[in-house]
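The structures considered in this document are given below.
Next, two complexes with subunit A in common: one pairs it with subunit B, the other with subunit C.
The block that comes next holds the complex of A and B.
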């Protein structure tokens, strides 16, 4: 029983982190129909920046967010304006896969060049610290990562629902031409949407680096599960991605008990296949994906 | 003769025909690069991708060996020249790389790549062309079950035997303190899993019950649930069949769950110089098998450590040592046979010589069985007083084995 409860707690914490890591992916697709293979490469880049920051300043890696979040936002706008916006609309989705695949390789290559292939881990005095919660152990770093996920996702939600920019972004997501007719500068909004997605990668990468060993090719291990999450959650829906991430995280951790790690990992892909067969628009998202 | 082999030989024939007809120009078709020119050695290494870190270590070892040989008058009086290709940790690519090295680059000799997963396809190509294949990093049982007669593993022991001295020490403990239960977690990788399985079989036979036996894919990023299973079992000892990042992540996850085993052993990671940096102060008592230590007093080792340290400013690790050992083994065969060219006669002479002789290397004297398995065992190291020291076997130890292990 205690193992089940422990796994449940670990699953929820892991799901929270997965939701944060996947949020950007679903935004890019929602706003621009861009399949952003390089998202996880940027996560790893943010993780390396957090590592560099802590190693050189001795300060907590979370303080690096003050620099990396705005930096990644600007970087995102630049990537959208300079690269993605040049793709032809008719083949945007397909070509964006190729383009961002190349971007991922460039980021990985640069990381290898600058930081070498050596596996890195942020030296944290509290990396092994834990709290007891009804008999389950909760690692402090996992709790902090979960907290970062909640704050970021709630912030994103509020931004999309309440602000004018959020309205413009959602209008662009729903119907680009109609939004343009109503005076929304959709190109600008698309650039900001991309920047916003990449800004979440800065937070996600830092959260990831708190409890993981990082190396330049790590992003290939992440992109598959993250893609599965946004498809199950419904492409373009941040809330859908969050629900899907939590369910898949918990499901994987619980299945791990009877099935072992290898089979538990296939759970993501089984969920992906079932979604594509039964409900291609995703289980928790809007109607967006129906058109694709 | 299987289809792949026929195709390879067919391709070889086609390349030879092109060369004879002069299409390629340049080098003549027969005789390779024999004579007084440099001895050209081809190698493919995972310089990018999953194995890039150890791959680069092996590259440093090969390059240091080549420089050392050249500084000392070369091999058979000829300089050696390395051609290094990057296989991106990809098994398809490594086979194509060796095809290219042998067929179009026309190297005189080849050295093996890093990792069991790359050694097997590479050795296959080398065998098809009759090349000697000495390799620094294919320790898993599978490597030696393929019927290669041209392959030699340049290290003291195969994966199954890495924990041998630890198994003996545990079995020799008095009944009252001997561990009763064990948890194993191993990466689904022939080498990593092989190390854990070797110990598991020996301990299970001696009555130590296996309570967790977890295998995880190499792309596993979250070790929380595996750690939860191990912690829940309250096993007396935990054994990892690990590479680097998985061992580090698993150890931290176990600590986060406050699991305190009496003994914790992980292959590969703890001997890596980055390990204490990654784990922090809680390395005390962690065990690891290792095939190499810079402190070993084998005759050529001091020369190797001095030369390498001069060149790189740091002592060599196991990856560099295994690469250097590969160079030593091939050099011994070349010197004894008096030839270094791609002709089947020369390669056969080199292979036959290694089957019948012992070679003195930086990891000790090596000799092999007919499948290329080295006949030795690994040293066991442990973090004692903040430093990694040899604790087993008794005749090589620098410190006493600490058991039970202090809390982490």
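The block that comes next holds the complex of A and C.
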């Protein structure tokens, strides 16, 4: 019983991290109808930057966020402006997949070139620390990663709901033409939306690096689960992705008890195929997904 | 409207191409060059097989490595576990994969665009997990040794020669099929789906059946390509068989050459295959070949979305007086053809 409870707690923590990682994907899809395959490659890039920062300065990897978050925001705007915006509207969705796939290959190749294929891990003084949480034993780094995810997602939520930029972004996501008629500079907003998405990747990658070994081709392991989350959640819906991330994270962790880690991973794909057969528009999402 | 001289030029080109393919193994004295030739023609087989879905329907599958990998494993396992004759196993493997592709196609083709691409990626990733974990059957991460189909006295270079010609035969069969479909009512329906699926359906094209048929044909040929490669290479490893890189290579090659042309994927395979081998030979130890492939893909998507063949043809047409359109079939023509 305690094993199940332990898995449940770990599942919730992991689901929170998944929600953070998938939030960026829903932003890109919302503002540009773009499936950003390179998102997980940028996660790994952020993880490597955090590793480099800690190894060279000896400071806590979370301080690297002060550099990586603004850097990734600018990178995101650049990717949208210089690459994605150049695609023909008629074939945007399909071609954007290939384009961002190309970006992912370039990022992975450069990481391999600069850092070599060696597996790396951030040296942390508190990496072994564990906390008792309602009777479950949880590694401190997992709690920190979850905390980062919660702070970022709440911040994102407030930004989208309260600020003027958030309103413009949501308007652009809902109906681009109508937003433009109301005076929203949708191209600029789309660029910022991309930047925001990539900024979440900076946080997510750092959170990831606290608790796992990193190597250049790691991003392939994340593409599948993240894609499954946004399809199950309904493409383009931040809230839907968060719910789906929690459910899938918990489900995966519970299935690990009888099946083991590798087979438990197939749960994401089972959920993905089941969603497509039963409800192609996703279980928690809006109307966006229907045509894509 | 096609002039006699144009037909003659085309026929001559085809004969020259066939002659070149037949003669290549004797021209390439070096066994290494010959093995690169086999790799490239194997790429051409896979890209052409991919183009049955990508080119006709416009559905971009990044996960066709699923079918080539399954074809390879099906062939190998049938030989090893069921003691089937290798060539029968190759064909049987293709059929098994085609049957497997039916439910997958039904699920995947329910969604369009981005979701379809996601599903195709997910399929490869899940198969990679399964083939790595299911060690008792597939050999897991240790890989699977596929026995040679020829006797031991057939030496390596001669093997390369034979496999080069076997691939060439498969390629010729596929090109013929593509050409026939391209001119059929079925092909017209598929191209109508590519241009506007909703309009095509409203005009009475049975879109679901057509898409599924193209999907299964493509999976069948891809599996044959994968099986033939497995027989030649003799060793299967899940990491390399179920790799998104293999699938994206097929897309890159087809797009680069031109998905709307019969020989587009072949041209793309020669360019990309040669470039890949070159980069691996030059920068094999680093990951720079990934960067090179990424940059090439980005350039093709941004600047050459129709491919080399249409771009070159467009250049010729523009130089000739009295021609305006470079599009092979317009939407109106397609709609007209489907209505008839």
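What we mean here is this: the second predicted complex is superposed on the first by the 290 of 292 C-alpha atoms of A that agree within 3 Å, B and C clash if a C-alpha of one lies under 4 Å from a C-alpha of the other, contacts with A are read in each partner's own complex, and residues count from 1 in each chain.
Going forward, contacts are C-beta pairs under 8 Å (C-beta built on N, C-alpha and C of every residue); 3 or more make two chains touch, one makes a residue touch a chain.
Note that the coordinates shown come from a computational prediction; the quantities given were computed from them, not determined experimentally.
Overlay on subunit A: subunit B and subunit C clash in the combined arrangement.
By the document's definition of touching, both partners, subunit B and subunit C, reach A:265. In the superposition on chain A, A:10 contacts subunit B only, with no contact to subunit C. When the shared chain is aligned, subunit B and subunit C each come close enough to touch A:112. Once chain A of one complex is fitted onto chain A of the other, the partner contacts of A:256 are limited to subunit B, with no touch recorded for subunit C. With both structures placed on the common chain, the touch criterion links A:222 to subunit B but leaves subunit C unconnected.
Using the contact criterion defined above for the overlaid structures, shared-chain residue A:2 touches subunit B, although it does not reach subunit C. Of the two partner chains placed by the overlay, only subunit C lies in contact with A:33; subunit B stays clear of it. Contact with neither subunit B nor subunit C is seen for A:22 once the two complexes are overlaid on the shared chain. Among 151-159, 187-195, 205-213 or 313-321, the region of subunit C with C-alpha atoms clashing against subunit B is 151-159. Under the contact criterion defined above, the residues of subunit A that touch both subunit B in one complex and subunit C in the other are 109, 112, 117, 216, 220, 262, 265.
Of all the residues in subunit C, the ones that touch subunit A in their complex are 58, 60, 62, 107-108, 110-115, 117-119, 121-123, 125-126, 129-130, 132-133, 244, 248, 251, 255, 286-298, 301-302, 305. Interface of subunit A with subunit B (complex): residues 2-3, 6-7, 10-11, 13-14, 109, 112, 116-121, 123, 125, 127-130, 137, 139, 141-142, 211-213, 215-218, 220-222, 252-253, 256-257, 260-262, 264-265. Here subunit B touches subunit A in the complex through residues 48-50, 52-53, 55-56, 188, 214-217, 219-222, 224-226, 228-229, 231-232, 244-245, 248-249, 252-253, 255-258, 274, 277-278, 280, 282, 408, going by the rule given at the top. Looking at the complex, you find that subunit A touches subunit C at residues 29, 33-35, 37, 83, 86-88, 91, 93-99, 101-106, 108-113, 117, 216, 220, 223-224, 227-228, 231, 235, 262-263, 265-266, 268-269, 272-273, 276-277, 280, 289, 291-292.
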